[in-house]
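Labels A, B, C and D are assigned to the chains in the order they are written; within every chain, residues are numbered from 1.
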Amino acid sequence: MSEKPRVLVAGASGFTGALAAQIVDRHPGMRLVAVTSRSDAGTRLDRLYPRYRVPLELTELDLEALDGVDAAIVAYPHGAAAPTVAALREQGIVVADLSADFRLRDGETYERWYGEHGAPQLFGGAVYGLAELYREQLREAKLAAIPGCYPTASVLALAPLAERGLLRDVVIDAKQGVSGAGRGGGDAMHYVSMDENAFAYKTEGHRHRPEIEQELAALGAAAPVTFVPHLLPLDQGELTSCYAQLSEPIGKAELQALYAERYAAEPFVQAVGRPPGLRDVRDSNECHVYVTVTDRERVLAFSAIDNLWKGASGQAVQCLNLMLGLDETEGLG
Amino acid sequence: MSEKPRVLVAGASGFTGALAAQIVDRHPGMRLVAVTSRSDAGTRLDRLYPRYRVPLELTELDLEALDGVDAAIVAYPHGAAAPTVAALREQGIVVADLSADFRLRDGETYERWYGEHGAPQLFGGAVYGLAELYREQLREAKLAAIPGCYPTASVLALAPLAERGLLRDVVIDAKQGVSGAGRGGGDAMHYVSMDENAFAYKTEGHRHRPEIEQELAALGAAAPVTFVPHLLPLDQGELTSCYAQLSEPIGKAELQALYAERYAAEPFVQAVGRPPGLRDVRDSNECHVYVTVTDRERVLAFSAIDNLWKGASGQAVQCLNLMLGLDETEGLG
Amino acid sequence: MSEKPRVLVAGASGFTGALAAQIVDRHPGMRLVAVTSRSDAGTRLDRLYPRYRVPLELTELDLEALDGVDAAIVAYPHGAAAPTVAALREQGIVVADLSADFRLRDGETYERWYGEHGAPQLFGGAVYGLAELYREQLREAKLAAIPGCYPTASVLALAPLAERGLLRDVVIDAKQGVSGAGRGGGDAMHYVSMDENAFAYKTEGHRHRPEIEQELAALGAAAPVTFVPHLLPLDQGELTSCYAQLSEPIGKAELQALYAERYAAEPFVQAVGRPPGLRDVRDSNECHVYVTVTDRERVLAFSAIDNLWKGASGQAVQCLNLMLGLDETEGLG
Amino acid sequence: MSEKPRVLVAGASGFTGALAAQIVDRHPGMRLVAVTSRSDAGTRLDRLYPRYRVPLELTELDLEALDGVDAAIVAYPHGAAAPTVAALREQGIVVADLSADFRLRDGETYERWYGEHGAPQLFGGAVYGLAELYREQLREAKLAAIPGCYPTASVLALAPLAERGLLRDVVIDAKQGVSGAGRGGGDAMHYVSMDENAFAYKTEGHRHRPEIEQELAALGAAAPVTFVPHLLPLDQGELTSCYAQLSEPIGKAELQALYAERYAAEPFVQAVGRPPGLRDVRDSNECHVYVTVTDRERVLAFSAIDNLWKGASGQAVQCLNLMLGLDETEGLG
């Protein structure tokens, strides 16, 4: 039997990095060789996140000491990831990057939302890490830009319509649990602030919107997107409710058949028979999708994912599986 | 000093009836004389709802023994309310009805959504119980049809646009706590079913939609409405996110000024400076409204209410105050 | 009619100070004249806590400019309160102090748990602010040391046993919502840390224990107390479960009669007929108490309060009412 | 490679049966051959519990058609399980029974708490399914009586003290999430009833207490046990706080060493360094235990488990692993 690929998780003290470390640690086809963190170096990861049970000590990332590392998941903040990703790639390490740094393909759009890029030489050099759209490219890729949680859920909800050229205009009302806001957050993310609460935020414009528009356009739908995120009083989970206008009328049965067929062979996406609930996908890499038409002939498409799994770390491992020649679902059951 | 009006709450064992009983019981200008219930007759209300602290025993409603009752809040299921409301009105009792039985003004629409009407002679004879729209009519009314919680939040979010004739098309994504589903509900409303969950329901058509359309049309906006309700893992609260298309472009500052002016004199509606949160209005009769424009020029209007208060029982007392000649805000502080 | 007493709330940006400001603001017999805060001076309180709807700007406390202030509620951290309380008292201002600085009557015990005292000249000069034990003294007092939330719930649960000299040994297992931990708290109080969680803390010794022992001893029960606090995934509420050994056997009916009689005349304490639940007392100044005996003859006493109300701010106003000659329950309905 | 044992789950529509079905379904060393239910026969299990993803239809149990079934997990109500367990055993099927029917070894105690036994010929014929105490016996057993969730957590918290003969008297304050109450439950388990709530129940005596006493006595501690359960507003999890009096003084360091040593080789029990939290063990078969001594020399022992996993279904599979000659931890990672 050949040696398992040796995987590093950089930025493992945040929510998504810690979960990525856990998934890799339990993965039958990977070997977790290091977990790094600037802020929590010296702490064991299973002390910081007991429920993930990863018995490794967090260390500072040393780019000079990566001999034998085959692949890395980078869970750094937007902007901070690019230089590290570039350094890892220079050493031939396969990278799944959880930041936004390589997701957008238009430089101007990147700069408008995130500022100057930290590794312009690599910009445009990643495959967008949504296996349901880019499976074959990911098999050849060395760098995957893992989508944001909102684009993952939104694009999977709308892809069958976009691919058929049906999508003309869309409103996406997205709702997410508090883990989506990451560690920190101060008073606003205090238990007492979020308990029995719910609200919209970044209503004037959220930087996941250009990412959604980019991917829908790539599928053939250059539709304007209205996207508004909300926070809900729960831990993990993300629900998108999409209100679509189509270029031609199409009935509910036909739409549901379209979705069923589109996702029939997908291991992690399931077209379900009723509006999906967050409990059904919690702690899994699943995406549940439902499409219907109202009695006023508006098309509705819903998707539910776990924002930390299919919206981040699970998806990163799904991509790594493809990039490393493993079975796409391995370690994600 | 004149005698306080004597008020009966019929159907006081459900969530909205029980809260109505509490509000009336503490109301300095009303006297709660009886609370009735078929299913829980014989039980004291403060045993069923200790936190409301209403020390009265639930009895069966006896329409022959209502001497001295001046006003009633009826909290019966849709369809069941009409005959009782009619009987109360025949005795000259002022009624605030929490059911849908007298909200719609078009008979066919009523029948399509609710079936045959239980008191056709009274159909059309109520004032719609939204003081922000029908304040003067309510002062003269003897029967108020208290709006559904979704129409309350939706119409207050959109009224300033509708009144100006700006509203062309609207998508309403509404999110509500579990109390909105009422008592009962079986497995689906079990704590374990709703905890860490969220989902859309009645996606193909919810009977609050015609009510919303009726009121927006009455304001001058015959716009088609797409309305989708969701359940959230919290107790009380309702958030509507409205995505509006306008008949002419109008900027954010102008819109916010329009809302501020429209609601400046309203005692219970407040145009706030950021997307409203449910905690801010919990256990109050307040409605917080926020309007803005996205960087893609879509108009967004949000509203937050407590579904049991401004969405039902608080609003019923607000209407009764007007109908009985009391100060509109009395007992609702 | 005489002028209403003018009340200042110092430290109004924390959870208990903000609620105290709200209660005073709505109090028919008091006038809220100022709310102060070091950290949030310049911010309006209704921006920081929209749901309390107190339309005053937070200012820094200026001890030179308190002309006309009759009374103050001080919500400062332990240790920091004493000098301010002393300065207010020197100006003749009646004070209800929410800190621990004047609760203990033994100097050594104070120093062991809190360090050096900030106003030793006043130490021992306060009345313990539990009206159920010290009502008459409070009517004459100028300084009330408002009990901690845990001592309030624990002492009310056990007082009838202690007063009869029955209490020999007691274990108190206390459970509190997250608001008890106050603002701040960092990662540990993040929504994601507390959601679906519960745990004990300060298991080796919590500084509320000597306070509980002091008050039980004052009632005649010099019993050793084991006290362990826990945090629960909820906002407001505190439940104590007390496991008592008595000096003589006494049956359930007799115990329940003892509790019923002891609290019959108390406006805020109610001996209830089943183990009390936190929902029943949420957002109220009520304390529900239940006593029983197990089939193994262990005596159990339970109490439920809202930690921010009866455990802090509501109780402060209850004491101020007595100190200012108002009705004890005014403004607390 | 030999054939995998074929496993049936009877009563798979309840919370514990459904989870047992999921664990068996994913178990690399078992084959799930049938899931049965009287109330939900005809429904697919993944429709009832989507998140468990078990693609089998529930059928009614047919005792005449069990050819080829090697083992069964029975998740029936107390009293109802015994006859079915007996019938399965007569066919040579290895059984892990989640009910209380075979846990107690004293007939009179059983009858006092549960009534007449449904299969007296088998009474006393089971091994108590707590591998940490009965590992070797379970390897030889054909029938395991899986402990209640409260006894599991309580006995694991106290076993090291009981085994050394140190335990003299103990108070157990147990706190559990709502899933412990099972499906059904009506109004009391409605989301709105439990949200922001917590309370004690069955305070006069809970039938898990004799089970705890039986097991502590078997370890050498015939101590009287005071046991009081509480419900918390969370889904899965159980925390016990045990207040022990010892027969001789023993320091904190020595106690912690005793616990560390006792559980060092246990795959699922971990002596941790601070009071355990429910999040840390959620959705796992882990039990976290912590022991300490207060500054008043009371010994405290805490344990945290997931009531559905280590408190029921995970433990059942742990026992089946032993009974079927598999690795004890297989399928429980």
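The rule is simple: a contact is a pair of C-beta atoms (placed from the backbone, for glycine too) under 8 Å apart; a residue touches a chain by one contact, two chains touch by 3 or more.
Keep in mind that this is a model prediction, so the values were computed, not measured.
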Distance-maximising chain from chain C - centres being C-alpha averages: A
Pair sharing more residue contacts (C-beta pairs) when A-C is set against B-C: A-C
Euclidean distance of C-alpha centroids - chain C vs chain D, Å: 39
Centroid distance [mean C-alpha coordinates] between chain C and chain A, Å: 47
Euclidean distance of C-alpha centroids - chain B vs chain C, Å: 37
Sequence positions of chain B contacting 2 or more other chains: 193, 195-196, 233-235, 277, 279, 282
Complex interface listing, chain A residues touching chain D: 26, 50-51, 53, 195-196, 272, 277, 279-284, 288, 333
Chain C contact footprint on chain D (complex, rising order): 171, 173, 175, 177, 193, 195-201, 203-205, 209, 224-226, 228, 230, 232-237, 239, 241, 243, 252, 275-279, 282, 290, 292-296, 298, 300, 302, 304
Parts of chain B lying in touch with chain D, wherever the complex brings them together: 15, 178-179, 183-185, 187, 189-196, 233-235
